[in-house]
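To start, the structure itself, in structure tokens.
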């Protein structure tokens, strides 16, 4: 089985227990996570061969990131070791009317300061047929935009499918920088994942009449955004996640897939959220798995959205669910009965 | 006060904290529970004299089960000590669209390997007027079907009321075995507790038009099931719990009692679930308490369903609530205001 | 900036983890809280200069109360040190149909046994322009009614604004005692905070057709209560909180302000509750902050109710939120999106 | 088997985790303990029938004390229920050069305010042959001295053996009060347990040349103290524990028994301490067990000191060890090898 | 680099926190461990390629064992999946004069019920040059003796070095069975690891004048045992660990290597023990690493004993230390200074 | 009372629980600490007015540092707010032969990037009479050497006593840089604190025949080092701490004070260590307190060394002990008896 390669930053995630506010007491849950690492772990849990690429220091905090990936069977052999620090993000989970908070402390991390010479893409892709990254990776700055460009070019040349989750982060770069860099990268992308905001923030592509703070979905708007991305940048498939934030505890969740011809809307889930971080990443992983497995378009989007619905009931960035569990939910059993 | 005797298996329950998946981290909550033990504890908490019968090893894990029952004042003097292992069940609590999971590791337990000579029912029932067991006990196999038969025969002969919760578990026995064994036992039963599935799984008794994965209750269907059980097997009272599983977090909960003449439907509760395991057992205990206390039929079913509604807001198998708390809820105060 | 002084009892709060019942296991969360202390902390978190007055023993349990207040920057220099015990309250958080429980063990605390000579109000108020207390303080009995009377008289003489949250507690005093004492104190109060029950319990003031266990709000009833308080006792502003207890987990929350002329109703929040204790106190603090900041009447009540809505999503008595967070919610963003 | 009755106060013990100082963080371990309750639990763990007498409130904190005793099989049927509060003690465990700290908050507890009519000693002693109490019980003041006197008189009249651990607590009463009260009580005591300080504090009986802060044992001094107690007060057996406090972490531990004729010194243990609270109580329980079991004098003191050595390796007040474990240690195996 | 293959049972280890006794509270630490798995993890931590062979169920508890090995980079691809249960062992850590306790619940595990057909040794050894097992594996009974025999024969035929840690467990088999089975297996073993008891229990080989409960080492005795094992069974190297159990908290620790010609005694360590389980396994792993790395005989035994000294300061079965850390200790720095 | 000002970096300290290795599980204890902050907290706990100066971001992680200082009553009003990150250090506590590990992630912190304009020393020192810093502060690089120089010059001009703990950290700067910068700063220092290594690392001052990895103290060597520092740099008092690292768990601890005329050696403590980090800082604080309190030279060094002995029995960087506790230990009671 050919591998799926993902490339990005894995961070130490420090999170107060339960619904405590930052430093409300003296305990933090310490796990690891990051957009592309989350995808890599999901894929491994789905039974795919999954290889994750990044740069990490040799000390125990860096080693911990490697170990946490190996735990799920992710291939970590292509991770470059070096540099001084692992990026950190502090996450405070919200509840009800109080939103979650995130404090990034990721500047100067080993991957953010990486060189082009740290990654031999030809070798990395030798046993792979899919490459996935997100907009966060080039947004780290430094040499990352050019490293990403080299990666996608090599991937395309070697015949890999390339997917990208736009994942715009205003704290990492401006819309102008994002547009400039992503416009170069998107050309090599086969499958683009986004939410409506991303499309606007990165490419200035907008759909009318959709208010992300409200709850009404504007189906035509999403279609229009997906089609624009496909038409302008030559992307073959565009998937858009549709989150309705009722509160920090309750969200509506669904998604749409445009396969170049038709638009496929998934079922809609009412989620009582345990941990929403990584929801988009688990969607991306579900999409990759379902496409690689040859599912039809409707099944693809149902699998992806069910996978990400389940993720939001799981603590931590990583989606600890199996294909069987995703299929059970996608198949209609959201009753939550005990599996004895 | 004459005692209520319950007989069955108490297991070590190992459960990840909060909504963690199995082994998501290195901590497990270790408590004890099991259908009949749960009933015994509920009854003790309601102020009844409650005696629990089983077989447990002498080592610390077996002793812990005894201690956990004594904590609530359950009479453990009739527990036979011996054998090698305590049954274990691993429980992962679900949330929202993710269901709970249960992994049983109960084969070869001391009780599953018990002999008829381990229990002197005449002595056990000497100070009792009620005997309760569930379909799980004979389902453990080995000598348990005949031990149970001896128990119910002795109980009847000595004038005890006998109650049985059908509690069908497909992982323990086939429908055929269940029907064969339970058909013998049910003859000695005065009060039968079931959910609609149980009646079908054990006796093949069905009601039309009820979909347990949906939420619509078919009142006529339940009546029909209860009446069939009463008519065919000569049971005096049949109580059926009605769960609507909206998700792992939200359930509808109510119940019906057939007293041989009339059908009594309880109020309906919308539950935000803390721990659903033991919900049925707490219902059974509520039923026994209310019947023994001479409540009228409507009050019996209201007490039982309120008791089990409260249980589902309590962590662990055991229902840690008092009669006063059950009556307050049954009396209409579900507002959850602080009791200062 | 002139300080806001609050006066009352701060207790050690002992609470089982999560939704455990009292002593369900061997761990308790130990924090501090008390009506007026909660207000003091909220105000400090809002950036006001806040001074808290009480009496506390010199031992480590007393010192812990001082430390917990200093943590937030509350001025503790006016706390009298002495006496033997810190009041304790045991709090068991409810869930769904199971209400929260509170066991008070506060008798004989240092503050309950305080003397008039323990507090030099002239000195305490020297750098202050606002004095806040609640009906709990005089309800502690002993010398507290006369100490409170001396405090409010001194405050008025020195030109401070005086606010009082009626906060009737039937376990501390009878309605008769409450009415007798509070009638003396209310004369010196400029801003009165209450819920409908308080007005009835303390002063016998009632509004028709409001059932606190139901959910329907009777707007005219609230207006009538507020106006009566203002008219009878010469209070300038009356604020009433309106809680609809659907269950221990779900509450409706809103409030009304009467400024002597008009009635201002806040937005209504559907809360999924993390910890409801201190909800009223955080409302009082929001009110004081907004009035001191010169907000218009509608903004005052919106700020107060948003502040207290947020509190109920925070563990512990203290409201750990900033003005910015309150304004974001009051401004309409209850979506709970991640603040990255 | 006739029961051993113990009488005293059981308190809620609140202790920071590990070696944390008071309130260093927001968690407390909540267990129960008290001199005589500790003895009752030890005896139950040794397989004796053990009945504990006290007065406890009906609320959950009082009930928790009952439950914690029942857990070990202690007979709690003679506990009077009533009153408002359970005594509390805050315990901070020391380490190395830092000593442990104890803050008592036990005034006004239900037992401290008990009446003579709360206890029907004739009924309590009906199925007993031994009565044990400590000097702490009369030191609680109020009616306790006279209740104790009634208890010991009744016990003697009914033929029970009476044992008393002097256990002088300067925070509860003065030496003068102690001497006055204990002089009355000691007359009815058959077995007296003390450490050298107790004898001096309570009765003014001293041995020369022993410095409790040092480590040298003065064997002749102990003999002299024991003999004086026996001679003056007519006590049949006197046992004295000999603790050498090297540091909070390391203690020497041994004991001496005077049986009216001879002096028996136990082996000496070097203890690395896990929790020293309850060490003396577990010694008393070991003594009672060994005397009741008819051990010879040397075996009695070896059993008692081994039991208490083990206790000091166990968290909490209660000695969770079996007779088998005590005998193994007393028999010479202190190697701590794994019992596989 | 050729792999080291280990074969045996990995169990779920359930351990109360800190020095709590079994079920003293409701939390258990859940990790995995087992003699050969511990060796596999140590070797992976030392940077060797390490492959672990066993049989494990497909459910989450079985998967958790796989994941815990992958975390350290152990090759788990040769683990057969199937069967129903994972062996469990309950471990209670001792302290001071109280020894550790171990309750095994490992009967009927997937590996204990494995068939010869579950393991294709030719394929398993294809990329390996060392095979390690312990006496526990054949002691599991069933087909394990013959599976082990097939494994060692295949290993020898394929030119692997074979090592075996005798590890006699009286709860698993009798001395007679052990001798009978191990005599067959030892013929294929190149490196034998034992403690003095093992040699006696398994082969009846004894050295005079050594008391394992005392502390005096009898060097000549150890030499004699090692030489006998080598001479009788044709083993090339014999390593013997020398533990002096002063108490559960303090142990002396050293070892001896006989390389067929000479006897090499390691340094002696005074250990303050954090977790002694897995001490012997970490010794074995150190030995394998050092021999494979071509260390001279004295360095081999120093490395092995330093590795195992460090293990006993680490929680859990697994030795989480690096070669660098072992070399630092073996090199003489036992000062425990902070590595900043 | 005039204040003691301290200046430096306070970091977030992340530490695995107990003796776990880094990331052995998913929990970290999160507290704050740093050389000068530790001194500030100690002094506040001793009852002195203590002001701490640094630069911290405005976000929750920065605010947490402020709050943690305010908790103890430290004056935080002179802390400049700004910058992006709080320095972090990961601390793994060693045990027995395994040393503690420390991973610094402190580069680019707000204080490390501070400007001279961030601190108005004239204003900061207005209410102070003592200024303390450590060699770590200038070692942070950037503008810190010149900021420190400005601070000490201003302090001297304004008549403050200046103390400095050399605290050489090889990971922060080279010996050359240290010598160059510290030579400028030491001229303004009245009280110098060091260990023997520091003197050598920073100034190249050596004493013969002292092996820091051994345990023998060379008193003449220490005298010589202290005298050289005093003579060469014009320092009035030099205090040297003498640590003997037997293992990570057991240390010898004492100190020497040179007051320009005589040498005063403290008592020697055998410590069983709970947390050694901050030991030197608590020594410094003890020294400052004792000198400011006018103790005689012998009492000064006894107080300082007892304070720091106690610190090493307390979790976290901060020394949570009172003057009374220090005096009790310095006065000779190291027995660790319970303070009831």
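To keep things simple, chains are lettered A, B, C, D, E and F as they appear, and every chain counts its residues starting from 1.
Keep in mind that, in the parts below, a contact is a pair of C-beta atoms (placed from the backbone, for glycine too) under 8 Å apart; a residue touches a chain by one contact, two chains touch by 3 or more.
Not measured: the values here are computed from a predicted model.
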**OP:** Could you name all chains that are in contact with chain A and with chain D at the same time?
**Re:** B, C, E, F
**OP:** Can you give the shortest number of steps from chain C to chain E, where adjacent chains in the path must touch?
**Re:** 1
**OP:** Would you mind working out whether chain A and chain C touch using mostly the same residue numbers, over half shared, or mostly different ones?
**Re:** different
**OP:** Name the chain whose C-alpha centroid is most distant from the C-alpha centroid of chain E.
**Re:** C
Subject >> Taking each chain's C-alpha mean as its centre, the one farthest from chain F >> reply: B
Original post:
Which pair wins on C-beta contacts, B-F or C-F?
Top reply: C-F
Original post:
By how many degrees does chain B turn when fitted onto chain D using C-alpha atoms, rounded in steps of 5?
Top reply: 180
Subject >> Intercentroid distance (Cα basis), chain B paired with chain A, Å >> reply: 44
Original post:
Which parts of chain F, given as residue numbers and ranges, touch two or more other chains?
Top reply: 18, 21, 26, 67, 101
Original post:
Based on which chains are in contact, what kind of graph results: line, ring, star, complete or other?
Top reply: complete
Original post:
Any idea which chain F residues touch chain C in the complex?
Top reply: 67-68, 70-73
Original post:
Which of the residues in chain E come into contact with chain B in the complex?
Top reply: 14, 21-23, 26-31, 59-61, 64, 67, 84-86, 88, 90, 92, 101, 103, 105, 107-108
Original post:
Of all residues in chain E, which touch chain F in the complex?
Top reply: 18, 269-274, 309-310, 312-316, 320-321, 325, 329, 332-340
Original post:
Which positions of chain D touch chain A when the two form their complex?
Top reply: 25-27
Original post:
Given the complex with chain F, which residues does chain D contribute to the contact?
Top reply: 18-21, 24, 94-102, 104, 169-171, 213, 245-250, 276-277
